[in-house]
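Same chain, two partners: chain A is paired with chain B first, then with chain C.
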Partner chain A sequence: MHSFGYRANALLTFAVTLLALICAMSSLSDNLNSPSPSSHVKVLNINWFQKSTQGNDEVSMTMNISANLQSLFTWNTKQVFVFLAAEYETPKNSLNQVSLWDGIIPSKEHAKFWIHTTNKYRFTDQGSNLQGKEFNLTLHWHVMPKTGKMFADKIVMSGFSLPVEYR
Partner chain B sequence: MDWQGQKLSEQLMQILLLAFAVVAFATGYVLGSFQTMLLIYAAGVVITTLITVPNWPFFNRNPLKWLDPSEAEKHPKPQISSNSSSKKKTSKK
Partner chain C sequence: MQRSWCNSKKKKSTIERTMGLIGETTVVDSIKSIQFRQAFSQAVTLGIIVASALIIWKTLTCITGSQSPIVVVLSESMEPAFQRGDILFLHMSKDPIRVGEIVVFDVEGRDIPIVHRVIKVHERQDTGEVDVLTKGDHNRDDDRGLYAPGQLWIQQHHILGRAVGFLPYVGWVTIIMTEKPIIKYILIGALGLFVIISKD
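Up next is the complex of A and B:
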């Protein structure tokens, strides 16, 4: 500590160490938050349902997605990424996941939302298994913090089914 | 900066930074604002830098008392002895 340079160096090192420490504590403080998110999806209409020229089943549908994810936001949350996936079982694969819609929630004020939309991404099966298929719609989310650990969770909504006939 | 001053500046630096870190984290957590936490801490680092890095007069309150050069002349260096084992020790000093 005898010269200007040594003192500046020691201060900077200690300051950055403490900064890392308070960032780690911010990340740990996220564990104190116990979120209680809710969501509801209603399939309003199957717009069309057909077999493509490659032989894969493809569906277009209109949905009403509403969710309240405000409790996911803490002081250390930068944004939340949400996506809605159709999940179903086929003889070949025990779990098929098809992303239908996604979005980025930038702040707590936008975390209680309601959207009326057709599927943003194609709902296509790898094959021809969708006729009369029961499927779940699952809302997945990834909480992106300002510092530290990312959290991910989901809400499974079951009881959806596709028509037996192409239309 | 004298010896006492160096010790004082190091302790001041550590205590101030730790205090600012605690205050910044507590304020940020209570207000729920990450930005506030970073701003308070950044301000704390700047203040601590200004207090402990420059060579302020209050770090020089205990100057070392050097002996007068004439005092050293009265006590000349010990003569190098002919003993080989003690030769290394004396030649080092």
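Up next is the complex of A and C:
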């Protein structure tokens, strides 16, 4: 009844249960945080705008992205994955989301940033619908916990448009 | 009542002693029957353990709607978000796939599904079907090089689920067991031995 094996088993069970409980509690504690992030994006220049040989419109642009995501960080946050996506509607597609830039924020100190960049990923349409197209730029973030539930949110910034002519 | 039973038992033992040979065989029989019962109950316990593991797995499959609700990360392509040996909980809801989500998908001609982030979504106006492009956070290029030859997009039917939860390190157990099967056999053997020798 009180052999070594039984005691080891009981201890292990207790330790694992406790660890699981702590993990669950730290994941739940994320819900207590109510973040208030802010962001601002400015399109500085359309570098070029053309139709590729496959017939898809493609744009290259220079942007200025600034954001403050410090309030997203809690003690259970491992990193925040942040990215800027262009979102627009075309006759063929009810929703197009194209990621233009992304970054990994490892800690709270780096969560207030300002970056001047061209689009990191190709801004290509499925087809040729981008001339004079109005689009939203949305800053998305995915919070990666040390353990538990992942969560995500976004800020939509509207009122951007592409030129009518290729350049 | 009890007293009379005791009496009869005593009587029986005296009879056995006098009868010698026949008495011995009945004792052996009773021991044998005890051993059989013990072995049987151990087998039942083992069956319950296996069955309950299966029940939990199948229930999870039903709740999450994903064929494999728990996956282990095997590659470094999503670092630093996911490391080798981390466990992901998948969910397969009706909600359409959106950019930024981490999805698990099958590629034709590959045995092991891939866990990567969605960077492009094109959703059809008429059918609502989605074309999705993925990329590993740690990789320089998108996943078109990993897809089947000529494949440009991932579609809904390739997707096994999206990651909703995360638990670090636990997956190392399975990685070690698949890479060093000897450890698996030792562990199973030790567990089996423990079940057999331990007495409730």
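FYI, the second predicted complex is superposed on the first by the 166 of 167 C-alpha atoms of A that agree within 3 Å, B and C clash if a C-alpha of one lies under 4 Å from a C-alpha of the other, contacts with A are read in each partner's own complex, and residues count from 1 in each chain.
Basically, a contact is a pair of C-beta atoms (placed from the backbone, for glycine too) under 8 Å apart; a residue touches a chain by one contact, two chains touch by 3 or more.
Nothing here was measured: the structure is a model prediction, and the numbers come from that model.
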Please indicate which partner A:Pro91 is in contact with in the superposed arrangement: first for chain B, second for chain C, both, or neither.
second
A:Val156 in the overlay: touching chain B, chain C, both, or neither? Say first, second, both or neither.
neither
For A:Ile46, using the defined touch cut-off, is the partner it touches chain B, chain C, both, or neither? Pick first, second, both or neither.
neither
Between chain B (first) and chain C (second), which, if any, makes contact with A:His2: first, second, both or neither?
first
Could you say whether A:Ile104 touches chain B, chain C, both of them, or neither, answering first, second, both or neither?
second
Partner touching more residues of chain A, chain B vs chain C, is chain C
With the two complexes superposed on chain A, say which partner A:Met144 touches: chain B (first), chain C (second), both, or neither.
second
Return first, second, both or neither, reflecting whether A:Leu11 touches chain B, chain C, both chains, or no partner chain.
first
Looking at the overlay, does A:Ser26 come into contact with chain B only (first), chain C only (second), both, or neither?
first
Using the superposition on chain A described above, determine whether A:Gln79 touches chain B (first), chain C (second), both, or neither.
second
Going through chain A, the residues touched by chain B and also by chain C turn out to be 146
Hey, which residues of chain B end up touching chain A in the complex?
1, 6-7, 9-10, 13-14, 17-18, 21, 24-25, 28-29, 31-34, 37, 41, 45, 48-49, 52-55
Across the complex, what residues on chain C touch chain A?
80-81, 98-102, 117, 119-125, 128, 131, 137, 142, 163-168, 194, 198
Given the complex with chain B, which residues does chain A contribute to the contact?
1-2, 4, 7-8, 10-11, 14-15, 18-19, 21-22, 25-26, 29, 74-76, 146
Sites on chain A touched by chain C in the complex:
5, 23, 27, 78-79, 81, 83, 85, 90-99, 102, 104, 106, 121, 126, 140, 142, 144-150, 152
